[in-house]
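Each of the next two complexes has subunit A plus one other chain: subunit B in the first, subunit C in the second.
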Partner chain A sequence: MAAKKILVADDESHILNVVSLKLRNAGYEVVTASDGQEALELALSEHPDLLITDYHMPQMSGLELCQKLKQDPATAKIPTIMLTARGYQLDERDTEQSGVARMISKPFSPRHLLSTVNEVLMEAAV
Partner chain B sequence: MRRGRILSILMLICVAGGIVCFAQSAGEALRGGRRLQLGVAGSVLFVLGAGAGLAAIATLRRDCRFLIGAVRRMTADGRLKALQTSNPEIQPLIAAINDMVEAADQSVSDAILKMKELEIQLKVATAQRQHAEAIIYSISDAVLVTDTFDDLVLANESAARTFQFDLEGTRRLPVDKVIGDEKLVELIRDMRQSNSKSGRRIVEHKVKNDREDRIFKVTLSAVADNNDLPAGVVAVLHDMTREKEVAEMKNDFVSSVSHELRTPLASIKAYVEMLIDGEADDEKTKREFYEVIQNEANRLSRLIDNILNISRIESGLVQINKQPQSLTVILKEAMEVIAPQARLKQINLVEQLTPVFYQTLADRDMLYQAVLNLLSNAVKYTPEGGTITVQTLVDEAKRKVIARISDTGVGIPPKDLPFVFDKFYRAEANNHMANGTGLGLSLVKHIIEMVHRGRIFVESHVGKGSCFGFELDLCD
Partner chain C sequence: MSVQLNHRATAAGGAAIVPQVVLDNLATRFRPGGLFLVLLRPDGTVVYHDASAGLFFHRYVLPLLQYRDSTPSDLTQKLQSLTPTSTVTVWDCLPGVILAAFPCLDRRQLAGILVLAAKSTTFKLGEDVVHVCSRLGLDGIWLNQQAEQVPTYDEEAIQRQARLLLNMMRDQVRLTGLEQELDSLSGQLADSYEELSLIYQISSGMRITRRANDFFKQACLDVLEVMGVQGMGVALYGDSAQRQEPVLYGHLSLPPGTVHRLADELMPVLSLRKGPLLINDLAKDKAFHWLGEHARHLLAVPLQRQEQILGCLFALEKCAGDFDSQDSKLLNSIANESAIYLENAMLYDDVHGLMMGLLHSLTSAVDAKDAYTCGHSERVALLARQLTLEAAMPEAMAERAYMAGLLHDVGKIGVPEAVLQKTGRLTPEEFEQMKRHPEIGARILRDIKQISDVIPGVLSHHERYDGQGYPAGLAAENIPIMGRIICLADCFDAMTSNRTYRTALPLEVALTEIRRCSGTQFDPVLTEAFLKISVDKLRELLATRQEKVREMLEMQRSLKVA
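On to the complex of A and B.
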């Protein structure tokens, strides 16, 4: 079975690096994007199995990215985990409607992120 | 009096006798012309009676004149006195009049006393009302007082200004004719109709003005009169626009700060956990992780310093020590400190400084911090091999000294230029160039403008470079 492909979008390069390394070490294939626009393009071309995105990004916020992905049948099924430093300010309806499976607030634990990734992929497989 | 009565009786007898004799003689005459003497007697009696009658009327008139004269004299000097008479005939009348006069005198003096009391009460009440009005006029909150008919009874200047009406001509007019704010009129009416005697209601209300919208805290109170019946409504409007703005700014600041603090913290936490979990297997990766942790910890510490410095300056808590300083000297010191970083990027540092004897009254440490922030920004946003020019200019006529720090860096897009001194504002286009705190330029602005009463400026062209500078007063 081929490794699952995960797209990670964050404008903070440190976060991008740490998440990528954690996921790669766990055997996942990782593609990275440093803003929403780039992530949208990669989602269409790379067909990832999962998206991990930051909420607060230049050009396009994580929520806008999710809404755009949801509108396109080719990407509508990609489960998403959203990282945010202000999760409490996001409307739950918005995140639910945009197909966000889990919210993880920053500062976060890479260990916890990895277990969440495993969980979400399991759920998607069922 | 008695003489008058005798005369009257005499008069009546004579007149009656006269008439009888006259009538009989007239009858006799008709029957045959006899008994002429009877007619003469009748006539004499009649004349006598009439004379007595006239005498009685004259007496009555004299008594009346005496009474009128006496009463007139009595009232002429405005004081009531007891009447005196030696005429026994009118003695009872005089006594009755005197009794009446005494009674009237008593009630007049009672009334005068009462009036004086009322005058004093009125004065006290007027003074109290004026005092209350003066208090109401001096209140900076807008005050509107209406009665049970929703007529405006009282309003102060602040109310007139807020609702743009004339204070003089609008008293006793229906409140909806005075203020155009339907919502407020409705609130007043509702309060009045609630028939409450001591109710109170506080609502937030936006007042639309042709200049701007303002937010008021409206306190509506139902007031009762002395008999505990509803007497009207008092509306006090406290302008809380500024308070709201400050609260919002504070809220924004706190949420920005917590976001900005969390970002480096998130990196530190994640990298430490990675090291603990043994995710970094080779030395090179480990070293990289340690460096990230160190840099992010430094960033966190700078952020905290900047937040503290800015809030200290804003709250006026910071100790300012102003002495005559040479801007040239301060710029040279800062350039020496920044030189190693510039050298690393092969950036050429050029100085064009005026002689050191031009002095400005400044807090050395703060001004040094401001200059260092501007220089460090210039180094961050200038690509390798660029040039940074540090310049001072003196305008002797205006007694000003100007510092300019120009770079050949990436420049700032025009849309971002007006906001570069705002807290946590970072031009998106240049975000990748440096991991700044978003507070550096805000701190510089605070130091130049709030602490030194100077002027800060920025000029920039994308792709060509930026020039940050400031102007301070020269001192003698």
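On to the complex of A and C.
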């Protein structure tokens, strides 16, 4: 079975590095984007199995990104894990309607992120 | 001129001296110019060659390089003359071939020789080439045809190309090095994130109302996972209420008594060090070798505030590798955070203990005035707490009910002893005096703001559900809940105790009486809850502190005699 492909979007490069290292070491293929627009384009061209996106990004927020993906049948089914600053509350209706499967607050535990990724992919496979 | 390789690019044992990707990349760049890239080990073995090069290189140059021992050439000698500091050197020791070479270094040692090979301007189907062809089993005419398609290089031209290669190599190696460094830094960053999130998680579990055991259990389980250890334990020393037996969580099964012994022996060591103790080979350790058969590694840090050791955290048996300074730093930060929490918990216990002690003294002062009601306050407190829990109210509420029960009769201090201890019926005037005790009690307690929520219970514990009680004649839900709770507990204890005017009713009779008065004297919902308390539980609560009560009666008797 081919490695699952995960798209990671965050404007902070150190987050991208940490997350992709952790995921690559666990056998995932990783594609990274440094803003919402790039992530949107990559989601269309790379067909990732999962999206991990930051909420706070320039130009397009993580939530807008999810909403845009949701509107396109080609990307509507991509499950999403959203990273937010600790203590930042998003409206649950918004996140639910935009296909956000899990919220993880920063600073996050990479180990916890990885197990969440496994979990979400497992759920998506069922 | 040489190229310093990244430390990860090993030279030993034929492993890649320069990463394969880098070599492939460079070979592709030089191939169109008719240049052949080869990497040799210092002993001359070919480690890498451009696999996509043309036939001239594959069939003629490569074999020449590989089998030079049997060919009349002095390449071996030339290779041996290279030193780590050699610059780009051009050799024309192979017939019809020109070579430019420079050393590759690993930790300043010669690790390999990078060679660019090309057809020399001197190439012709002369005697030496024909000789080589025959040795290699090549047709000279065929070789000549192949050679015609390959550009020629003179010394100066190939030297220029080799310098270019050297610079590109340096950039490539630097880049690969940076990528590896980025990965390693990201790895470290990931560890830091892990630790940060662990410390955050642990500190957010520091609620003062939580028992220290629960807090430390969770902290140990978290550390167990993040640090990757087999056993994680905690010991709290001293005689505070937070003290607990040392415990070890995890997958390590130790013989009984081992954890106690470890905790006991760690105490003096950590008191002396005032910092982490890290042992990576327990079997060889002077003090802790006895642990050696169960674990290899021990990392212990003190829980200390100011100069005092409150306890310690200890990790046993790291799953991968040894404990390092990072582990010890992490466990130390956790210990520092936990020590603050622990100290606060102890202070909280102290203050709480002091307050409860004072409240008990106050109650005893009331009890001392009236031997027959001795222990009554304590029993009402316990009954009220039980009732609150039975009515599915929160634990915190039950504690307040306990306090209200303890204090409900404090106002009797202001009622003359003659009235309190009168054996016969009270006159209306005496009864009026008696009825003032809830208000007196409320007034006495008014200034203790920490128990302001308990005072309504004291003030209204003689109100009745039907509004016929005192002092305010409140009815139903208008009576503060605390008052309704204490009223029930108070009456039940009064019925089941001996009084100056009658002997105690049997428990069953008292319960029937309670049921009968539901809705008139008592809150019907609370009555339901009260009747759910098992008879055994009630007996247990009523029997509590009998010992203390006897003591008190003794004391009163002796005081009276005196």
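To be clear about the criterion, the second predicted complex is superposed on the first by the 123 of 126 C-alpha atoms of A that agree within 3 Å, B and C clash if a C-alpha of one lies under 4 Å from a C-alpha of the other, contacts with A are read in each partner's own complex, and residues count from 1 in each chain.
Simple rule for what comes next: contacts are C-beta pairs under 8 Å (C-beta built on N, C-alpha and C of every residue); 3 or more make two chains touch, one makes a residue touch a chain.
Computed from a prediction, not measured in an experiment: that's the story for all the values here.
Colleague: When the two structures are laid over each other on subunit A, do subunit B and subunit C clash or fit?
Modeller: clash
Colleague: Pick one for A:E29: touches subunit B only (first), subunit C only (second), both, or neither.
Modeller: Neither: A:E29 stays clear of subunit B and subunit C.
Colleague: So in the superposed three-chain picture, is A:H56 touching just subunit B, just subunit C, both, or none of them (first/second/both/neither)?
Modeller: first
Colleague: Which one hits more subunit A residues, subunit B or subunit C?
Modeller: For subunit A, the partner with the higher number of touched residues is B.
Colleague: Using the superposition on chain A described above, determine whether A:V18 touches subunit B (first), subunit C (second), both, or neither.
Modeller: Touch partners of A:V18: subunit B and subunit C.
Colleague: Identify the partner contact of A:P110: answer first if only subunit B is touched, second if only subunit C is, both if each is, neither if none is.
Modeller: Once the two structures are laid over each other on A, A:P110 reaches both partners.
Colleague: Touching A:A85 in the superposition: subunit B (first), subunit C (second), both, neither?
Modeller: first
Colleague: Please pick the stretch of subunit C from 188-196, 296-304, 530-538 or 548-556 that overlaps subunit B when the two structures are superposed.
Modeller: 188-196
Colleague: Considering each complex separately, which residues of subunit A are in contact with subunit B in the first and with subunit C in the second?
Modeller: 14, 17-18, 21-22, 86, 107-111
Colleague: Give the list of subunit A residues in touch with subunit B in this complex.
Modeller: Going by the criterion above, the answer is residues 11-12, 14-15, 17-19, 21-22, 25, 34, 56, 58-59, 85-86, 89, 106-111.
Colleague: Once bound in the complex, which stretches of subunit A touch subunit C?
Modeller: By the definition above, subunit A touches subunit C via 14, 17-18, 20-22, 86, 107-112.
Colleague: Quick check on the complex: what are the subunit B residues that touch subunit A?
Modeller: It is residues 255, 258-259, 262-263, 265-271, 273-274, 277, 279-280, 285, 292, 296, 428, 431-432 of subunit B that touch subunit A.
Colleague: So in the complex, which bits of subunit C are touching subunit A?
Modeller: Touch list, subunit C to subunit A: 182-183, 185-187, 189-190, 193-194, 196-198, 200, 225-226.
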